[in-house]
Structures are given as C-alpha cells and as structure tokens.
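Below you'll find the structures, each written out as structure tokens.
Presented sequentially are two complexes of chain A, the first with chain B as partner and the second with chain C.
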Partner chain A sequence: MSTAREYLRAIRGPVLLISLGILVIADHVGQLPFWRSWPVLLVVLGVMILLERSAIRPEGGPLS
Partner chain B sequence: MNPVALFCRNCGRGLTEEEKSAAGTVYCSSCAPAFKAAAAPPPLPSSPAGGVPNPSVSPGLAFLLGLLPGVGAIYNGQYAKGLTHAFIFGMFVTAMERMHGGEPLVALVMSGFYFYMPFEAYHTAKKRQMGEPVDELSSLFKIGGSPDAFPWGPVAIIGAGVVFLLNNLDVIHFHQIIKFWPLALIVLGVIQLRQRISGRANSGMEGRP
Partner chain C sequence: MRRGSIIGPVLLIVIGALFLANNLHPELPTLKVVADWWPFVLIAWGAVRIAEITFWWRSGRPLPQNGIAGGEWAFIVFLCIAGSSIFYGQKYRTRIPRIHVTGLEMLGDSYDYPLAPKSVDAGASPRIIIDNARGNARVTGVAGTQVSAKGHTTVRAYTQAEADKANQECPLEVTRQGDVVIVRTNHERLTGNPRVSSDIEIVVPPGSTVEARGKYGDFDITDIGGSVTVDSDNAGVRLNGIGGAVRVDARRGDIIRAINVKGNVEIRGSGADVELENIEGQSVVNGQYHGELVFRNLAKPFRFESQTTDLRVPRVVGKLEVSRGNVTGSDLAGPVYLKTRSKDVSLHGFSEGLDLQIDKGDVELRPGKLPLGRMDVRIRGGDVDVALPEGAKFELNAATDRGAVENGFAGSLREDRAGKGARLSGSVGGGPMISLHTDRGRVSVRKSADPAPQAKVEIQRQ
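Presenting the complex of A and B:
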C-alpha cells in the first residue's frame, strides 16, 4: 500500500473544505459570486483524484 | 502402450483413454492443474480481504432508496458518493432549466443517470452483503485500477468543472458548446475503434468493475 496515496486521500476532504472557504470568502468580499466560481471545486476534486491515482505504484497496490 | 485417445492441448503429449478420463480435461496431468487454475473463475467474493458477509444488508431496500437521488448510496454508507449523486442530479436539473436547444439530450442523460443510481446502490449493497469491502467512491472513480489505464473519472470531473467555469464566467456559454454534442459520439467511436484494433488481447478485462 502506497503511503502517498493514503496521504492524498486523507487530505482530500480538508483541501476541498479550504477551497470552499476561499470561494465563499471571495463571494462575501464581492469579487466573485459563488454561483460563478463553484466549478473550481470540481476541478480541485478532479486534480486531487488524478494525483491520488498517479501516486499508485504498481509495486504493491491492491486491486479495487 | 495404450492407444492414444487425444493429445494434450498444451504440451502435445499423447493421452491414453484412462489418462483422459482421469484428468477430465483435454490437458495431460502435468498441464491440467495450471490450466484449471487459469480457466476457473476467481473465487466468489464471499470473504475477500477478511470481510464478513453481512446478511442484514438488503439490496432491494438499497434499490428503492436509490430512486431518491443520493439516498441509495447513503444507505450503503457511502456519504461522499451520495452527495456526489445528489449534486450531479441537481446539476442536470439546473442544466435542463438553463439550456436552450439541448434539452432532449440532457433529459436522456438525466434519466439514464436517474436509473443508474438505484442499480448502482443495489449492486453495492449486494457486495456489502457478500462481505466485500466497498470504497467510499466505488464505481465512481476506480482509484485502485491499473495504473496505466486512462483516468476517465477524474478527467471527466475536471472537464465538467472547466465547462461550467467557462459558462459561469461568460467566456463560452453552454448553448455554444451544446451544438457540438454529436462530437461525443465521434469520440466514443474513436475510443472503441482504438480498443478493438489495439487492445484485442485484453478486451476481456475492460469494463471489469
């Protein structure tokens, strides 16, 4: 089991929460309304999952 | 020497009638075990990875709850997936409302997704019933899949995010993109073509959950 993968999975929630916080702040400050900026969360989530996948090395990752 | 009844399919050794009936296969005694192991389906997932079958899980109930967007996944204890399902469904409803000209496509995909959810919940519940461990986002993203397989899940999420972002920032609007939806058919065709031509050998492994 690769530890990098576990690490990335563990920080996925907090990173998304931080991104959400930043977007909501931007909304409240009045620069970027949240209804415009929310897809950033999708992009962040996708990038996190991509990183998680790329952290898997064939040496010992269990299938599934 | 007894007359040869058949030849081993693997090594070509001649097999007598007795040997044939003893082995019960078309392989000789030295080749048969290996081929039996290869041909036999993988053992049923009754308790892999130390999981315990859980008879209290009801796939039928999961199916019924799955008719409510996200609830089927929540029943399976997959909260993030439930949230994602509800979110995607909400996105479809929103897209339906705002889109001009692409409604039939959105409606079709949406109904497909709507019926995907209960079936997905059913199969996940079935897995849980068998004691198979299920990932939080199982069958949404195959995180532990083979490393060289193309990461469709994450790329689709990023793509959706970029499209929505472009729309929301008034760069490219949905109705400008939706005109080109038949492009999806072309891309799908090209992908399948590539698989059929190059990946003939491992085509049987594609689509395994």
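Presenting the complex of A and C:
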C-alpha cells in the first residue's frame, strides 16, 4: 500500500509538466514570455515538496 | 512508460499520424498545427499521468518512484526544443529558405508552359476576382474595358507526361458573370501531387475593384480606381495608385507595401516588412510583423496594434518607423498614444501632446513645436530625455524612483531627492502638464538649445 506521501511524490513530475505546458502556451500567445515566467516552476516544485512533507505521517493507504 | 502507461504508444501514433498527414497532404498546414499546439501535449501528458497514478493508488497498486522518469524528461526537453524551434521558425521563417520535411518536391524536373492569353470585355468598372493558389500575379489598370490575362505555368514533376497532364488540368480562365470577372488558374483541380505555380499578368480597366486570393506568391497591383482586397497565406503585396480602400490579410509575406492610396488601408495578419506611404484614408495595421514598419505621409488617423504594442497617431506628416526594438518618429500631428513592452522611443517634432507607457526602453522627446501639448510618460525601466524649444511654457512633474534628474531650467524648476530617486517639479511660464515617471533610470529635462548636438543644428537652421 502506498502512502499519500508516495502519491504526492509520484505526481510531482506530471504536475510540473502541466505547469510547464501552461507557461509555454502563455509564452506562445504572447501574454507572458517564458524567460520571465520560469520561476513559477520553482514555486510549484517547492509547493509540491511542502505538501509531501506535510503528509509525512503514514496514512495507511488509499482512502483509509 | 514501463509501468504500462498509455502515453508512449499514444505519442507514437500521434507523431506517426502527423508525419503521414504531412507526406500525403503537403498543402495541409501540418507544421503550423504542430507549432501552435505542441504545448498541449505536455499538459495532456501530465494530466494522463496524474489520472493513471491516481487510479493505481486507489486500486492499491505500487506507485512509481517518480511520476515521470529521467528518460521521459529527456524526451520532454527534446520536445520543447523541437516545438519551440518550429514555433519561432514558423513565425520568422520568411527570411529563411523554406525547408520541406518530405524533401520530395525538390526532386523531379521543372517544366514550363505558356498560358494561352484570355480576355473578356468587362465594362468600365468591373469587379475582378483573382484566384491563383501558387505563383505571382501582376495586375495593372489600363484604359479600356478589357480584362485580359496571360502568363506561364511551371510544373515540377518526374516525367514530361505527368507535367503535361498537370498543365492541362489547370488552364487559365477568364470568365464574366454580370459585372464580376473571375481570373483563375484552377490549381485546385490538380489530381495527384505535382507542384504547380503560375505567374500571371492581368490588365484590367482602371475603374476596377480587385479581390485577389492565393497561397504562395506575390501580388503587384497598380493603378486601380476601386478597392483592392488581398488574402494570402504567403505573399509579398505591392500596391501603388489605388483609388479605393485597401485590405490585405497575409500571413507570411516578406513585404506589404501600399503607396498612393486614396481610401482606407487595413493590413492584418503577420509577416516581415510593412510600408505605407501617401495614404489619404485611415490606416490600420494589426498583427505580428518582425521586420521594419515604415509609415510616411498618412493624412488620417493611423493605428498599429500587435501583441506588445499599441500605437495611435492622428496624422503622420513626416515619417514613423517601428521595428523590434525601436519606435522612431519625426513630424507627427498628435496627440500620440503609445503603449509598448520593450522599445526605445525617439520622437521629434510632434504636436498636441503624448501619452507613452513603456515597460523597458529609453525615451527621447523633442516636441519641436510650440505651444506644447500635455505629455504623460511612464516607464518601468529606462531613461527619459526631454528637450524643449526656446520659449516653451509648461508645468512639470518628473520623477524617478531610482536614479538622478538633470535640470536644464535651474531657475524655475525645483529638484528634490527622495531615497534613491529624485523629483523635478515646477512651472515654466505656466502651461500644459508634462508628467514623466520612470521606476528606474535617469530623467533629464532641458532646453533643446543646450547640450545635444542635434539640437544645435536646429538652432543654426533658425
């Protein structure tokens, strides 16, 4: 059984990927150039790591 | 992908389908679709992954250590580099020779055929529709009532027979229906996949109205009394001596030029250079142009809009140039409005005031004419240099949050320092408000007779 923490760690990559996609689209439509918006990725990564830490207590498993 | 993710095979299918579409139907804008939509692949990839992981977690299956493994990140980096290159390559491709993914078009031989001249009698002011998918078209207004067309077709094919067939499939036609005359080269009738382009020369009555459509190739249109509309994917457009309105919608041309137009001019789309000169109607330029934009002698209000710039000038008496990094104007009848992201701005000899908002860039203002108009300049990063003519009357409120001010009116204006910045304010004879503000940079307000060398030349001329 995986913990919530492992789950958060597993989706860290995909969440970053989605953020990257959104930033690239913002860059392409000319709203926000990527060279300005890239720190958002660091923020997202930081938030994900914090969430993982906060879920440090083993929660047993899914839905329990 | 190891853990039975569906992303790997789906990506393979998508990439295969795109290459197949490009090979079988090169006329489809496959590359453009890829250029515009590839970032959504990243989002979809991430979303599918989250869905999969959530599903595995809920059904109690073991989770991968990392949602996206090292090899996948490498592929994503590759995808980003390739996607961005295609996107920016598409945007700025006009200066770069076209490269076809298939490369097949470069093979085979080129065959040339003359197009049999055709003509019809069309009356004094017909509406002419020109439909030439690939190739150049030259349209000239000549006294008379005839519409006549001639030219030649080039076919690139592997065999003479194939080329002959292609040539027969797309004859030049000039047909009249009421007061509409259609000139067409029928490229859409082609079967198979030969590369055909037709260069045509069309003579029309001077009172004609012209509508031209194409995919690749230039349009040269001269001496037309009516309005002119051009719609093309990839065309250079050159218009001279147009009596009516001009509307150009072109996506990737290297130049759009309109000279001596009596009506309104509207240019949309994207491309490289734009030139407007001697326009008696209103002019609107809207889109992304990465070359030089030059505007001379525009009698009525002018507006340029792009993703980053909004520029409005009621009348351009002299010259106005806009490029990637600069806006330069001389002899403009204001009030001038300019909002842009990153450009150096230099305006000489404008009247009736100014409203300027720039994120990053230096500003140089020489109003030149009296009385001065109201000026409002706001910059986030950059220097402001304002040189005012002798005898100018104004009130000033100039400030920089970080930087110094230079005061050329020491008697009348007061300088205050505040933290890292400074403020210059006061009244010189009382007049319209000149308000200058930069978050970071130097602000200088001086008499145009003082330092700068250009200003000295002006004095000598007087």
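The working rule: the second predicted complex is superposed on the first by the 55 of 64 C-alpha atoms of A that agree within 3 Å, B and C clash if a C-alpha of one lies under 4 Å from a C-alpha of the other, contacts with A are read in each partner's own complex, and residues count from 1 in each chain.
Please note the rule applied: a contact is a pair of C-beta atoms (placed from the backbone, for glycine too) under 8 Å apart; a residue touches a chain by one contact, two chains touch by 3 or more.
This is a predicted model, so every value here is computed, not measured.
When both complexes are overlaid on chain A, the residue A:V15 reaches chain C alone and has no touch with chain B. Of the two partner chains placed by the overlay, only chain C lies in contact with A:I25; chain B stays clear of it.
After overlaying the two complexes on the shared chain, residue contacts for A:R53 are found with chain B alone; chain C is out of touch. By the touch criterion defined above, A:R36 reaches chain B but does not reach chain C.
Chain A residues in contact with chain B (one complex) as well as with chain C (other complex) are 9, 61-63.
Of all the residues in chain A, the ones that touch chain B in their complex are 5, 9, 35-43, 45-47, 49-50, 52-54, 56-58, 61-64.
Residues of chain B that touch chain A in their complex: 49, 133, 135, 138, 141-145, 147, 151, 153-165, 168-169. Those residues of chain C that touch chain A in the shared complex are 36, 39-43, 45-47, 49-50, 53-54, 57-60, 62-68, 72-73, 76, 80, 83-84, 87, 307-308. Those residues of chain A lying in contact with chain C across their complex are 1-2, 6-7, 9-18, 20-22, 24-25, 28-30, 61-63.
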